[in-house]
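Each of the two complexes below includes subunit A, the first together with subunit B, the second together with subunit C.
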Partner chain A sequence: MSYMFILDKRKCVGCSACAVACMDQNDIDVTAGDRPFRQCFTLESGPNPEDKMTFMSLACMHCEDAPCIQACPSGCLKKDPETGFTIYDNTNCIGCHSCAMACPFAAPSYNKEGKMEKCDGCLTRVRHGLEPACVRICPFGALQLVEKEEYENNLRKKAAELIVYSSLKN
Partner chain B sequence: MKSYAIIGFGCAGYHAAKAIRKNDPDGKIVVYSDTSDPPFNPMLSTYYASDMLSLEGTFPFGSMDEIVKDLQLELRSETKAAHVDAARREIELADGKREPFDSILVATGASAIVPASLTENAGRYFLMRTLEDAQNLRNYIEKENVKTAVVIGASMAGIKTAEIFYRKGIPTTLIDGASGLFPLAAYPDVAEMIQEKLNDLGIKQIYDAQVAAIRPNTVELSDGRTLEADCICLCIGVHANIQLVANTKAVEGTEVKIGKGIIVDEQMQTNVPGIFAAGDCCEGKNLQTGETSVIGLWANASAQGECAGKNMAGKTAFYYGNILHNITHFMDMDFISLGDITLPGEHRCFAGKDFFVEVCMDADQLNSMNIFGQYRISGILKSHLTKRLLHGDDNLTPAQKGMLLAEGLPAELINLLGDKKS
Partner chain C sequence: MSEDVKELLRAKIPCEKTGIEIRHSVCDICTPGPQCGLDVYVKDGKVIKIEGTKGFGPNNGALCTKGAANRQYLYRKDRIQHPMKRVGPRGSDEFEPITWEEAFRLIAEGLNSVKEKYGADAVAFMTGYPKWYRPWLHRLAFSFGTENYMTESSTCHTAEVMSYLLAFGNEMSADVPGGPDLLVGWSANHMISGFPNGRNFFNYMEKGGKVVNIDTRVTPNEQKADIMITIKSGTDGYLANTIASILIKNDWIDKEFIDNYVHGFEEYKAMVSEYTVEECEQITGVPAEKITELARLIGEAKNPLIMPSNGLCHHINGLQTHRAVVALNILKGSVARKGGMNPSYGSWLEMNAGFVTKEEEFLNDVRPKGNKPRIGTDRFPVWTELKDEGQLMDFVRQAESGDPYPLKAIYGHGVNTMIHPQSDKFVEAAKQMEFIAATDIFWTEFCSLADVVLPACTSMERSEVKANGNGCIFYSSPAVEPLYESKDDVTIMAGVAKALNLNDDLLKSGYDACIKHIFRETPVDLDQAKAAAKQVPVERVQRDPFLSKPLKTPSGKIELYSEVIAKYAASHNLDPLPKWYSGFGEESPEEFPFTLVSGGRQANAIHSHLHKVPWLRSLRPEVMADINPLDAARLNIEQGDEVYLSSATNKIKVKANLSAIALLGQVNLYHGYEEANVNLLLPNTFLDPYSGFPGFKQLRCNIEKAEVES
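Our next item is the complex of A and B:
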């Protein structure tokens, strides 16, 4: 089984509750300058009043073929076979930032000792049948953890429905 | 049952073995290694030398026993391969013994450059490439009362070696024949910026200085200057280990093509069918130039090894190439270089709160970039440059744009790089 995080941008209001839940779950010391593994930010499509504003919530995407795993010179990163999350053991992390340069989503952070830390998908919670902290707290259900196969099947189903619909319409 | 030979067991060799075993559970995989150590990462040598990492920590894939058991390998440790006989499909070992193979991977890595002219009648000097190099320096610093050090070569390995002495409070001088730091990766003004910071930290630097000789506790420069030091390190770069297939004749009499490294195609195969090469010993495709070149990076070796292993096991896999890129974290600073800095274009500079970015644009196309002081944006920008070269997609995703803005990258630069449609 393999999971993925989905953000429904139509539902996200930029409240940052997910980032706060991430801080709480992972004991992030913001007073020391540390940041949560989940980052929230806004994106404006332009400077005019009619332009759109999009809210975003982004953390490790747990890529299937995660480039950070290959990039780590110390072998600190790996895939969790049970969940598909990209997990780590930073005992031998040398703080070289190679994983940061490999990540297209700026997911890796470094703690006060200079060792890498990142979102592990709330592995312990998920293994015990709970939702990740950020997903659980999201008041509008914008952030979800879905089973990958199920998600892809749904996409395929929707695509098939669209094809049928289009052919009938024509 | 197919028989595979892997010569050299570093990152590329390990990943090839893993890929072969995954795709051919019954094949015979023989690994020839000139040490008995498990795969070692040269990048970790300075961390081991400075006692920041345990010996076990320098072996990212675990112990040799575990690897041999997991991948069911036949290991020939402490065994030097002398020659590949492509026509007979045999490896000739240094002791004259010959062993057959169906397909072979040359993953012999690279070695530190040691010019004979410098080291003739030399005093003691240290390299920084292998585990043995790291052990030698570590032991020396532990046992001897090192009061001054000279590091020859203002390379990535050179700066990390200088950092070992800096962390121990040992006055250090960095010397290079080029006119500035990181001559292959840094634009001159960025190099100058970092040089000033190093100067502030007390690292002496001498550029445009040719080293004439290394004498006992003394480095002689060609302009007559001499520098005395208790510890001298030579970090002037590496060369690909290509000797194994030099003069290897294929059945038809053609030789394995070699440039600065062993030249391979996108399936990591040389011009001789059945002979593959991967990692620091090979020349794969440079996405920016379209030519082959040695891109000696850990992640590159990993991807190349995996690709070679799959193809050796009868699957079809491609590795389309890479760009020159590097991140170096030293003395609490980050320097990042993306792309080939020798490519032409207009240079533009942007300053963030605590960082500096310089880009080289040819028309509206990014050719190369230096970032000083901001590692978090490096992955997004590297992915952006690689994506354009691989897929022709020149736009940053909304999430990437949002992250770059949140990290303080000026909007003007973001628009310049990846907002071509708006």
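Our next item is the complex of A and C:
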């Protein structure tokens, strides 16, 4: 069954709980300059109170035809057939940053050994019936992991209020 | 190790193969308030991950930004490891480790020596965060022989409680889930602070409820509201009274309710009749059409809920402002009904869980007699009348002057020098003490001032009983052993009580015995609750409808005209009606053209105790003042520039963050940073005469770009 990350824009407040959950799950060492695989942003559209602020949580989009997969000369990246997540094995990563250059969202980052790391959708947790750490923590249920079918049946009609992280061609 | 197990360990999957176990605890970072349940992932006695507990009352699986960092909070590098005694001059960081026995002995000697020379009232018992041990510290003060027990709530929440006590004789809370037909959040920032309340907002909006939000900062609550009103800091009381005047003029009020239950309506009506929309626009900065629209919305609503927050009280006109906002609910009869302002009866540690305990008796059984007046009594009599604590904000004055009696020692848990306006004056006063004992989880400036420092542990290393708003209790067990030589605060207080040889066997007997005593008539089996390691429901007590008998106010009615304040009207120049007055000090607006708004909540911090948690600090690493981009452009300040914020009292250097969260002419700075403590800018006389609260959110200041050193 294939999954999609969905962010309900109405409910995201940009609090970064998801980012901290990602740090906790993945033992991110921020003191060494590492950053979590998911981060929050607040975009301000102007200096006046009425000017819209957009609150957003962003990570790897798990694109269906992910450009990073094609870009990697070492074949580190692939789609997980079961979940649809873009996953990786960085054993053979040569640290060439080709994936980062191909990614429109700057999702890949590089660890102390220079090897690529990124959000894997908490694949192992999901396989064991647990939500991704970021989804589990979200105070307002703004960030969700939904089955493709659930999206098609119930959420597509609300697409204007959502940020749909995926590949599904809307 | 097989690849499979390696991956399970990397992903921290709790199962037999990994040996990772989930233990249940509570988050105590912002309590009391949400009191969220934690799933603590433990491997080989160490916490490796935290999640919210599913099905747990307030949080149901989720956590906020702060709670998400509980693991790094627990393992912060500056945890105090051992009991310590000072070997250098007071205020130096020269300490050496000692045994617990020696620490208790030194504390007993220090406190008893001051008691013998000056009397028990010369010792101030003080606490900051957390709050779970407060009844024990209060009892320790009483058993020692003084009522001088003070908390950080002297600057945070108590003024809001006072406002409710003055009007209703009882604490109140806003019943958002009950479904008002209009919700006006007034300085509500619940999407960032206390998220279960933020969830109530979202649930309400999802059901089609209409939300107006009024604030002086552009928070997510503001942005998500149907109608956003931004207002100049500290002018909310003027707006509330203007709205009241329009409601009364248009007969948009519940006359029957007022006739039956309200005291002082005629005086109040006369007072608000002087408020005009024109002047309101000028003072508050809210456009006239928005003022009249808000009045019409409230006026035409049948069951509107006007929900104030703590922030309204953080002004020198704060208590009157809060009262003015609460009054709108009274005019509309939105009291003691579904979706209105409802009585909140603290079951345990201020949480309304529907049952009763012997918490008050736990104190009253040992209340000392014949004491001198509590700290702050002469200066803040309304506080003293309503709150069974000293007003901490008068500590420095009394310590410096010895008026009306000397203060010579501090026994503190979690005491934070930075909460004091002009914090440097508090430090100076502390240096003059003859003895100080400090207990904390992390080393603070206050620890450096102490004679003896004791290491406390976090909620994950101890047991405690929490009451939750869903009518349950949760009796936690330690998820891991206390780190280093740390102990929980109540065990420490029992040790101190023994060393002092107090005549209080219950206090000496420790947490479990005390909690059983306090809950002895509450219908719950505490042993079973502890063994269950989950929330246990407790039968609710049936209460008479709130308005069916006289209220605990002097008139027995809901008081728009406060008879408590009236007693001190002449002596302290106070007004029994919630009349607005300016919350600025006397500084010149030409010299200090900006308004400093501090003390707000940001998602990644609460007060000072998370600034040194690396995960949270990484979200906003610099100490930054939010400055409106238009003000910044005028001053030639760019993002990240160093700027000086100056007041008539002091000057600090911070970085500029250009953001529309700050209104034009206002600058917002979060508090609790050691390297740029905003409270150094506030004069320590800048206090609300009603509550004693500092004017955190309305100080005249200036912004100057710092010279770049070449």
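One rule holds in what follows: the second predicted complex is superposed on the first by the 154 of 170 C-alpha atoms of A that agree within 3 Å, B and C clash if a C-alpha of one lies under 4 Å from a C-alpha of the other, contacts with A are read in each partner's own complex, and residues count from 1 in each chain.
The working rule: contacts are C-beta pairs under 8 Å (C-beta built on N, C-alpha and C of every residue); 3 or more make two chains touch, one makes a residue touch a chain.
Values in this document were obtained by computation on a predicted structure and should not be read as measured data.
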Simultaneous placement of subunit C and subunit B on subunit A, clash or fit: fit
Touching partner for A:N111 - first (subunit B), second (subunit C), both, neither: neither
Which of subunit B and subunit C A:K52 touches, first, second, both or neither: second
First, second, both or neither for A:A100, with subunit B first and subunit C second: first
Which of subunit B and subunit C A:L43 touches, first, second, both or neither: first
Partner chain in contact with A:Q144 - subunit B first, subunit C second, else both or neither: neither
Comparison of subunit B and subunit C by subunit A residues contacted: C
Minimum Cα separation, subunit C to subunit B, after superposition on A (Å): 10
Subunit B/subunit C common contact set on subunit A: 46
Subunit B - residues contacting subunit A, complex: 41, 43-44, 47, 52-54, 57, 60-62, 298-299, 302-303, 325, 327, 329, 334, 336, 375-380, 382-383, 398-403, 405-407, 422
In the complex, subunit A residues that touch subunit C: 10-11, 13-17, 19-21, 23-25, 28, 30-31, 35, 44, 46-53, 55, 122-125, 128, 130, 133, 136-141
Subunit C to subunit A touching residues, read off their complex: 7-8, 10-13, 15, 49-52, 61-65, 67-69, 71-72, 191-192, 195, 198-199, 202, 218, 220, 222-224, 228, 230, 603-604, 614-619, 628-630, 659-660, 663-664
Subunit B partner contacts - residues on subunit A that touch it in the complex: 39, 41-43, 45-46, 54, 56, 58, 67, 70-75, 91-92, 94-98, 100-106
